[in-house]
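You will see subunit A twice below: alongside subunit B first, and alongside subunit C after that.
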Partner chain A sequence: MGKRKAWSPTLQACLAIGAMGVVLLPVFLSQTPWPTVARDYLMQYGQDESGARNLVSAIYLGYRAFDTLGETIVLLVAVIGTMGLLSRVESLVNTVGDDDNTIQTVSAFSLRGDKRSSHVLRTHLLEVVTGKIGPIVLLFGFYVMLYGHLSPGGGFQGGVIIASGIVFLALGNQQDNTSALSKSSILGGIESVSFLLFIIVAMSGIFFGKGFFGNPLADSAYPVGFIVLLNSIIGLKVGASIGFMCIAMMGGHD
Partner chain B sequence: MVERALLLCLLLIGFWGVVAKKNIIKKIFGLNILNAAAVMLFILEGNRIGSEAPILESGLAQVVDPIPQALMLTAIVIGVCVTALALALAVHLYQITGSFDIETIRERIQDET
Partner chain C sequence: MRPEDIVFATVMLPLLGAALAFCAKLLPKGRVASVVEYTGALVGLGLPPLVLILLFPVVFSGQSVSGVVGQWFVGIGITFRFDALAWLVNILGFTIGTAAWVYSLGAGPKGPAFTGVFLIQTAALCATIMTTDLFNLFVCLEIMGITSYVLIPTSRKAGATLASFSYLMVSASAMVFFLLGTYGFYRLTGALSYEGISNGLQAISSSDTVLSIVSLALLVSAIAIRVAVMPLYGWLPDAHALAPHAVSAVLSGVLIKTPLFALSRILFLFPAGMQVGELMGIAGGVTAVLGVVIALSQEDAKRLLAYHSISQIGYVVAAWGMAISIGVDSPAGTSLMVAAFLHAFYHALFKGLLFLSIGTTVDVAKERNVYILRDSIGKLRAAGERIPVTFMCFVIGALAISATPPLNGFVSKTAITYAMKGSLHYYLLSAAAVGTVASFIKLSRIYWPTGKRGRLHPELGVLPGSSANPQTKAYGLVARLTAQSVLAVLCIAGGLAAPHILTIIGTLMSRGGTNIAVPPILYSTDNLLKTGVTTLGGILLFFVATSKIGSRVLHTIRTRPRSFQGLFVSFSLGTAVLAAFLVVGKI
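Coming up: the complex of A and B.
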């Protein structure tokens, strides 16, 4: 530690924020006209080339599918890292005082039987609502995933909704019957198998002379089938991995 | 113009959370707010050349630019990944040191070494 007197933390923070604001002000207030050329091209050819009416799907699964591959790898790495860190956290309940009035830890959500229902956060409201709404949320997630080429949605959005359905199902079982969807082995299996499928489907274009991530159905009557397939695979993968991470953070990894 | 100024404020709030807050969980939330501000700025930029959703139907004239939306899809997912990893690290630190406060964490780690 140096001898010089340190500035107060508030002053340091104010200075940093002021500098950040000065740097970012031109970025936020720029009036440069946004180029329309890409939008016009996509409006004219996007649907014919990819088959998807939703241009966002056409981009992230057609034109820029490599981005999506990288993104799924990032998701995989995040899941591996989170699991690696959380698996060392054996039980948080022991490290916190056992005063019943404090909200101890989320870890207690995974307790079995009587201990579980005595947890302060486990109200009947939570169990009834999440248990009933879980299957509906799952269904809605699959709808968003499968209709991603026609309507707002897609694999990532549907996957996140599926993940919330999985979390609801994991929270809402009143009689202690665990659904297979909250088991880490099943979720991890879905995730790895869907990543493998994603790679295989991505390579399938090679055998049709379209190249990596080429659409093998491009010349057929339904070129959109490729996007639907990729959307479903990504939806399963995102749903499984985010549900996996959420359940692990609730303490249900065993 | 107002919405841009508000987004700048939002981004600076997130930055302030990262820089000035002592609690790790609050820092992670600040990072999240920063991420959200950047995402919304991109959506706003793409919104400048049109007003309709980029889902092609007959009779659409001026749709928004779909490219920033597709890129922000990536950014959102990666933001979620970063948040999850950071929260897992925070839990791990909490288990080692028993605190979420960075000053306390630093003291306890220095005490042990």
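Coming up: the complex of A and C.
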């Protein structure tokens, strides 16, 4: 029995990988020429219809914005789930107490600064450097977010950079001067309100006769305004969510 | 507003409600925050049914609302189609969703975050059944998945997080293969909409047939994980048993069925769809039998119900698969499809009812073991329930799932077996019915009196999740009992009004606006005799199962090895078998 247990997982892994490998072989071996319909259409009409020179943003905030709404929701729910888990780990630590070393090490990241054993690593040097870099990173994040329709970037990428700016600001917090951006209540507020805004903007096309997720500015001189607006909302939402989560993991959520 | 705008209200209103609920999280706890949260729930769960009533004349006349989201070019935008199927699944989702949310007010988990995630899940259901775009289907399935992974551990039961994690892992890996299948179809046809792909597939060379078949197999098996058909069921029992009761009701009532009906849109159009239906039908029949055997062996009350969900979804899949393999435009196929949906709907009602009433019982008794828990009626009375409403609800649910006339389960199960008389599936499902009766006799023992008086402990009288304040406690119990009673009434009404409901669903499913489904004969001597024999067989099986040998066999089944990696092995082998079956059928 003991011997069987030793090779049984290996056998199972071989079976699973072998079966999937055989099934997937035709997917990778296909010699069919690549389809060109979407590419040709985008080349010809993409920029005129959406106003965006960066055709990637024309796709994900124009033609397929509904999918993007879905991806944003996935991120939102994932953050809620993570926060739920973090708060449970924290309560577990509080009930068990500091004697139990195993739980302590597993969950140390969610403890408050003074309780954390890694507290010593947060040196003065780190605080000064991150505090100075933070605003610059934040500015760069806003640039990537707002210029997403012209250059590579957009709401998701800009949002992540904004989040790292927020993390820098939080790390750079010295004794008394705390940035409002590293308060979890403010970040949570930005997140919820920008989600509400996203839904309202998505529905706005209905009142302009463009249908659900239609571009209400399509007939105006600046159809790209819709993409810029969506990019900003997504950027704020992603930045706030990820910043919120990182700060919670550093133990700063109360 | 045009009808294209109205149909998206079913998705957008729950999302708007969710956004309101999240905003309520920001407000300081108190009256205003609750008002905003409940407004969100009202917008998300209360208004969409009104929209559905508005849309009923459209779908009843056989029309459908379709188009491209945002009115873009059809080759690149997201296409959708709101038809009778979408309407029916929406009704199913909002009925169970509303009942479960009301129950959660009493039983927990409470709070704006729960309401928000719950509403997002409802929106995802509506979007899943409406989309006709493969990538959009992927996104919708992901939202449905992630909301379940988040909702399951909110019960804070030991093991709930692990159950949610195994579901997450197996489902996320399956979704990778779903994406590969999407890639395969896009590679071949350059389209993502179902119609575009099915048009493109008619023009491909014979050397690419294998790729199209493999892609279909990848899509089907990833969805089959969500439906929990037999080899791919392993994640379900723990997830459904350990979730909060309200979430369990939605998970097994709505969430495992929506992907199935969304899949039927793909199978109607794609070549080889009929073979998939054939194989899934057989798998469904086997699932119905094996599910009930394992259910009979369980000792945890909610896990017993979870295995019954697998067994009952087997009924649905068997009828659904057979309908697709016959062809849904023939009278026989339509009748089977009607029966499949009817059972999906009625199962959602009675299984929701069972999960909620058993949930209330185990919360009060603080004991989930079927072999230990006894005299639950007395315990519920001690908790403040003067009339044994929970017990009556359980009895209605149990009689419905055991197909006792005139309850709704009798109607839908008879409709299924009537339409498939003489086939292999028929015998499998008849065997499963016997097991259902036996296992519900077993489960009903938790209400049997012990015979000894005065064993009630005073501390049993407090419902967990409610504070010591008696007013809050009464309010919690009222919310629970309201949700249960509404579902119980719907179970009875669904049985009594069966002829009308069958006509309506038949007309809706017939696509042409006229009912071509064959209405089953419900109360023939044959059927009543069969019900009697099934019940007797069930009682007999119950006594066999409680005998010495029987309980040893059941113990072996209960303690059979189940492993995390087994989920992955069964997924890959299942996919390989499906692909091989399709390739052999084609050549």
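Please note the rule applied: the second predicted complex is superposed on the first by the 194 of 254 C-alpha atoms of A that agree within 3 Å, B and C clash if a C-alpha of one lies under 4 Å from a C-alpha of the other, contacts with A are read in each partner's own complex, and residues count from 1 in each chain.
The rule is simple: contacts are C-beta pairs under 8 Å (C-beta built on N, C-alpha and C of every residue); 3 or more make two chains touch, one makes a residue touch a chain.
On a predicted model such as this, the values are computed, not experimentally measured, just so you know.
Of the two partner chains, subunit B is the only one touched by A:156; subunit C is not. When the two structures are aligned on the shared chain, A:242 is found in touch with subunit B, with no touch to subunit C. Touch criterion met: A:19 reaches subunit C, while subunit B stays clear of it.
Overlaid on A, the two complexes show subunit B and subunit C touching the same residues of subunit A, namely 9, 12-13, 16-17, 20, 24, 27, 34, 36, 38, 42, 59, 64, 67, 70-71, 74, 77-78, 81, 85, 88. Against subunit C, in their complex, subunit A makes its touches with residues 9, 12-13, 15-17, 19-20, 22-24, 26-27, 30-32, 34-38, 41-42, 45, 49, 59, 62-67, 70-71, 73-74, 76-78, 80-81, 84-85, 88, 185, 188-189, 191-193, 195-196, 199-200, 202-203, 205-206, 210-215. Every residue of subunit A that touches subunit B in the complex is listed here, in rising order: 9-10, 12-13, 16-17, 20-21, 24-25, 27-29, 33-34, 36, 38-39, 42-43, 46-47, 53-56, 58-60, 64, 67-68, 70-71, 74-75, 77-79, 81-82, 85-86, 88-89, 92, 95, 150-152, 154, 156, 238, 242, 245, 249. Of all the residues in subunit C, the ones that touch subunit A in their complex are 1-2, 4-5, 8, 12, 15-16, 18-20, 22-23, 25-26, 67, 69-73, 75-78, 113, 116-117, 120, 124, 127, 135-136, 139-140, 142-143, 146-147, 149-150, 153-154, 156, 161, 177, 180, 183-184, 186-191, 204-205, 207-208, 210-211, 214-215, 217-218, 565-566, 568-569, 571-573, 575-576, 579.
Subunit B meets subunit A in the complex at residues 1, 4-5, 7-8, 11-12, 15-16, 19-20, 41, 45-46, 48-50, 53-57, 60, 63-67, 69-71, 73-74, 76-78, 80-82, 84-85, 87-89, 91-92, 94-95, 98.
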